[in-house]
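You will see two complexes here that share chain A, one where it goes with chain B and one where it goes with chain C.
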Partner chain A sequence: MRNADHAGPKARHFPLRIALLSTLTVAAITVISAVPAQASQLATEVADTAGGTETNLLLQNLLNGITFGLLLALASVGLSLIYATTGLSNFAHGEQVTFGAAAAFAAVTAGAPILLAAVFAVLAGGASGWLQDTVLWSQLRKRRIAPMQQMIVSIGLALAAVNLLQIWMGAQRVRLSTSIEVRYEFGPVSIGPQTMISMAVCIVALGAVGFFLQRTRLGRATRAVSDNPALASATGISVNRVIRIVWIMSGSLAALGGVLLALYENTSDFSAGARILLLMFAAVTLGGLGHPFGALVGSLVVGIVAEVSTVFLPTPDLKYAIVMGMLILTLLVRPQGLLGRKERVG
Partner chain B sequence: MDINDILQIIVSPTTAAFALAAIGLNFHYGLTGLLNMGQAGFMLIGMYGYAITISQGGSMWLGILISFVGAILFALFLGWPTLRLRGDYLAIVTIAAAEMVRLIGRSQWLKEWTGGNTGLRGNQFKGPFENLSPFQPARIVEIGPFSFHTTIWWLMLVGWVAVAVAAALFWRLNKSPWGRVLKGVREDEDAVRSLGKSVYSFKMQALIIGGVLGAAGGVIWAHGNAVQPDSMGRVTTFWIWTMLLLGGAATVLGPILGSVLFWAMFVFIKQLAPLVLPNLAPQQIEPLALAFVGIGLILLIVFRPQGILGDKREISLNV
Partner chain C sequence: MTDPQTIISADHLIAGYLPGVDILNGCSMDVKEGELIGVIGPNGAGKSTFLKALFGLVPVREGKVQLRGEDITNLKADKLVQRGIGFVPQTENVFPTLSIEENLEMGAYQAPKTYKAQRAKMYDLFPVLGKRRNQQAGSLSGGERQMVAMARALMMDPSVLLLDEPSAGLSPDRQDETFVRTRDINRTGVTVIMVEQNARRCLQICDRGYVLDQGTSAYTATGQELLADPKVIELYLGTLGADKDDEDDAGAVVAPDATTEKSE
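On to the complex of A and B.
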């Protein structure tokens, strides 16, 4: 296991520090801005009716970006784990996200409360991950089909899944919750309680993934497999079992991400996951393909850049184009990503 | 079941346009092993370059020139950061760049030129080409089972001649020393490098040639339909991949056969679905047919990666 840790303790904690730092930044911004709000609520209201100032817009977009980044991290951490352990760029991961929203929507339609529906979606997502690995991916590994060929298989799976989801959900937009969101004002920014709960769920879930990878036996085995499958196998780790568990985790995390995304955007449809697929790829590539914390750091960067850029762009509908441009630039100057090690790049 | 619909789609300009784009992808993937996941982006660049030039008052020839130059620049822009990296980086960058083109094209920002998300209508750019048509006067002409307007006959003639020229180009280059170097790059980059060849430069040349063919396909497609950014999303790229892998990568006729079979099957499934599943709502038929495309792609890779015409030894895919 030394192998996975040879970067040294300082480098190992670096991603954790970044995550902690960004969380603290959010907290600091909210606390600092909340103080004057309570002191002079009148002033805030006046500023609001005046249409909001430049700082106001910037901070609000920063907060939106962090929220979106956290959601994106939750959705894309599975993509990164699968890449790390199997070398597969899974193009069907967007449909995993949509599947979560669709399963939750089906449960809500059947009369379940939203919390129960979310739990159902997570379980269904995990089951879909298990099923996929059992029926498809483990068979492909057994047949020694190269990761690049598996990638094209995942494209086929994505094409099939998105259209089956469309047949299932219909082409119209669906809503998980019909309640109208109240928004709390904290000085220059406002945020709804639903979004705050979503953020908390994201942080807890991502923390759990981090704990799993860093502190548990199975998590260490997972990192060992991603470092060197042959060596891991030689030390007695059951590589296929680890990969199976990664698929289950990836499916449930993507489903949870899908549910939270549907709540955050207040709407969902059959292509909700497909729309963010490239953002997820941008996030994991930016953070460092296959690096366990790369997805988190990359997602926060992608979320913040996408939302904050709308302040400066000529038209806000270019925000995802900016992310795509950023991805290309990253590969130009630092192809291994922000956290990746240089040797990973061929 | 209408057999005529299937025959019509086989000869249609759309099929010719996709065959051209698939031949372009064959240069990338079949010959050189490059995982270009943004072929629809090349098509979109091509049709924008062509249609915008004409709608702004340029001539048709200038439009074609600009569309090809656009594809060359796009290939340079994509290849520059990624051709030195592992294959999957090229895949992610090409898909991202193609998406970027689509997002900028459909944005309100350049609406004056690109027409925003509604794109450009046919009457803004089709005129000069249709005026060149030798089939006058303009009317519907029936030949055997095919009944088209003369402008479509003219487009089909040009489209399939372009496909034939592209296939001949592939056939010739494939046999040339240049083509052998590309196949060497596909099989073993390091071996080619050790012979003193610049792998980077050869990959770039393949990317440019295939991209220009994609742009040409885009121009033909735009003439058969219109310039619509959202019909050139990444799913369109995946279709082109399915066509190439279906017909057989690294073969001369594979991409053409793939395009013909793809569209014929697509129409066939759309016609068959309501007969087999009478409960299916009309708006569910197209997604069902497209779901079959995805399943077909999976089965192809798993059971017959060389496609119909291909040679299994040529398709190792270990990039």
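On to the complex of A and C.
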């Protein structure tokens, strides 16, 4: 009976939720059945080369969206954790993603196999997170610099980092793997092995983050610090140590995201991370700022909406505009984001 | 040398949040092992600041805080928790997105080995928390949060517990419950220093009270003595409770007092 006092509001929302769900389901069925017909001319061309099976453009884009969403989630989960524990909107997080790709590229150039290069990138990413927090962010926190000022610092850092990355990587596009991508057919969709491995790595890494936050003592302490750093400190949690670990994790995950993004797009360059920075912010805000799983849910929604919208849009260039429009609409209806909770007051 | 029985002593503390603005102007206190101390005073006297200065949350510029004769001035909160001091803030005293059980686990963060045993003790002391262990603390009422906060502070089995206005914002019967519970906790051997707005109720249960005024400890005496002190009555307790003409108001103040006397 512990939820007895919540039964009232829940019961009131129930019909609304059912109505919303049924509308969405009907809309989804209509769209899925309508699209292959509409896009059949396009699709047939693809299907011809693939040997008979008709590719469903909508399902294919849905799959692409999920893949991109998972990559985005991996890249942005650190952004979300840093915001949650320190209040900082880190505009240099995009460069953290590029840094992963750059480190992996450096390793590959030096002759390392791609797997080893990815491990190196993750370690280097973690080290960069540790270094940044040690020499910069923890010092700013100690001097009680407000999050707004810290954000401006992060913008400066982003500008400096993107230039340093350009010097390091050069201005040209780079590739981590030169193998020719084969694609496997699965009914109406096709997928390459690189993408499949990327998805699997994303799912394992995100699962590990979830396990860390929910099932380990340090993870629960991280959530406690996100809830209230002052109270966490008064409770005996070493807040600075928790934040240091968050920075290391965040750097590693962003680097891994950068490597996988480079494999997924089959190319990378010094501004690869900066290009997805706003999408990461959109995903994290959409999911619920500071919520541990907000980044995951928000990223999946952003990825799917962006990719699926290209089926209907006159030009794919508009897909991120659609994402931002959806973000605004969502926040109008649900200011705390999809997973964010309104807290009881009093 | 301090009295061997003295557990906490504060010696002429000068402290404040901003440079140049002192809230405490030479505040002193000596607390003996096992005492229940009430700190009262008008708004702005520095009661909460004093408690925070003891717990290292407000920088102490001059003076000394000692725990069993050891200097603990300006030590970080996590170090003080390690040494056996627990602190319950007045507001925002639970982790809202964590469950009750997770809140308690955080209380024992520095001593994970004792967590399970301490948790069982807390569920004995606050049975309602045990029944609702998986509920998110953010969905609890003020009184329930106060219980979670106290239980969390007790998870490290502290020798000193600092309470910042535990009765603030609670209904009169919940306030009584909180005072009775504080007394119970104190009787298990925990030294308690509580800051209270509700001076009358606080002085009724405490062994000794300190009256703070303008950042200095004006004077100290036993709770009963302060309750009878005409100056304290005039300045901090008000004469409402003694006003026999206004029956409604007198009733409102006297009634809860009567219940506690029964329960004690």
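Methods note: the second predicted complex is superposed on the first by the 287 of 346 C-alpha atoms of A that agree within 3 Å, B and C clash if a C-alpha of one lies under 4 Å from a C-alpha of the other, contacts with A are read in each partner's own complex, and residues count from 1 in each chain.
Methods note: contacts are C-beta pairs under 8 Å (C-beta built on N, C-alpha and C of every residue); 3 or more make two chains touch, one makes a residue touch a chain.
For clarity, every value in this text was computed on a predicted model and none was experimentally measured.
Q: Who does A:220 touch here: chain B (first), chain C (second), both, or neither?
A: So A:220 only meets chain C here.
Q: So, does A:68 touch the first partner chain B, the second partner chain C, both, or neither?
A: Neither: A:68 stays clear of chain B and chain C.
Q: Does chain B (first) or chain C (second) touch A:236, or do both, or does neither?
A: The answer is second: A:236 touches chain C but not chain B.
Q: Please indicate which partner A:321 is in contact with in the superposed arrangement: first for chain B, second for chain C, both, or neither.
A: It touches chain B, and chain C stays clear.
Q: Looking at the overlay, what does A:151 touch: chain B (first), chain C (second), both, or neither?
A: It touches chain B, and chain C stays clear.
Q: Please indicate which partner A:335 is in contact with in the superposed arrangement: first for chain B, second for chain C, both, or neither.
A: The first partner, chain B, only.
Q: After lining up the shared chain so the two structures overlap, which partner does A:228 touch, if you call chain B first and chain C second: first, second, both or neither?
A: In the superposed model, A:228 contacts chain C only, not chain B.
Q: With both structures superposed, pick whichever of chain B and chain C touches the larger number of chain A residues.
A: Tallying touched residues of chain A, the top partner is B.
Q: Using the superposition on A, tell me which residues of chain A are in contact with chain B and, in the other complex, with chain C.
A: Of chain A, residues 346 contact chain B in one complex and chain C in the other.
Q: If we count contacts the way the header does, which residues on chain A are in touch with chain C in the complex?
A: Counting only chain A, the residues touching chain C are 2, 6, 217, 220-221, 223-224, 226-228, 230-239, 341, 343-344, 346.
Q: Note which residues of chain C are touching chain A in the complex, please.
A: Of all residues in chain C, those touching chain A are 55, 57, 76-78, 81-82, 87, 89, 92-98, 102, 105-107, 109-110, 112, 131-132, 134-135, 138-142, 152-153, 156, 169.
Q: Would you pull the chain B residues touching chain A in the complex into a rising list?
A: Within the complex, chain B contacts chain A at residues 35, 78, 80-82, 85-89, 91-93, 95-97, 99-100, 103-104, 106-109, 234-235, 238, 241-242, 245, 283-284, 287-288, 290-298, 300-302, 305, 316-319.
Q: Touching residues of chain A toward chain B in the complex: what are they?
A: 89, 136, 140, 143, 145-149, 151-153, 155-161, 163-164, 166-167, 171, 278, 281-282, 285, 289, 313-315, 317-318, 320-321, 324-325, 327-329, 331-332, 335, 345-346
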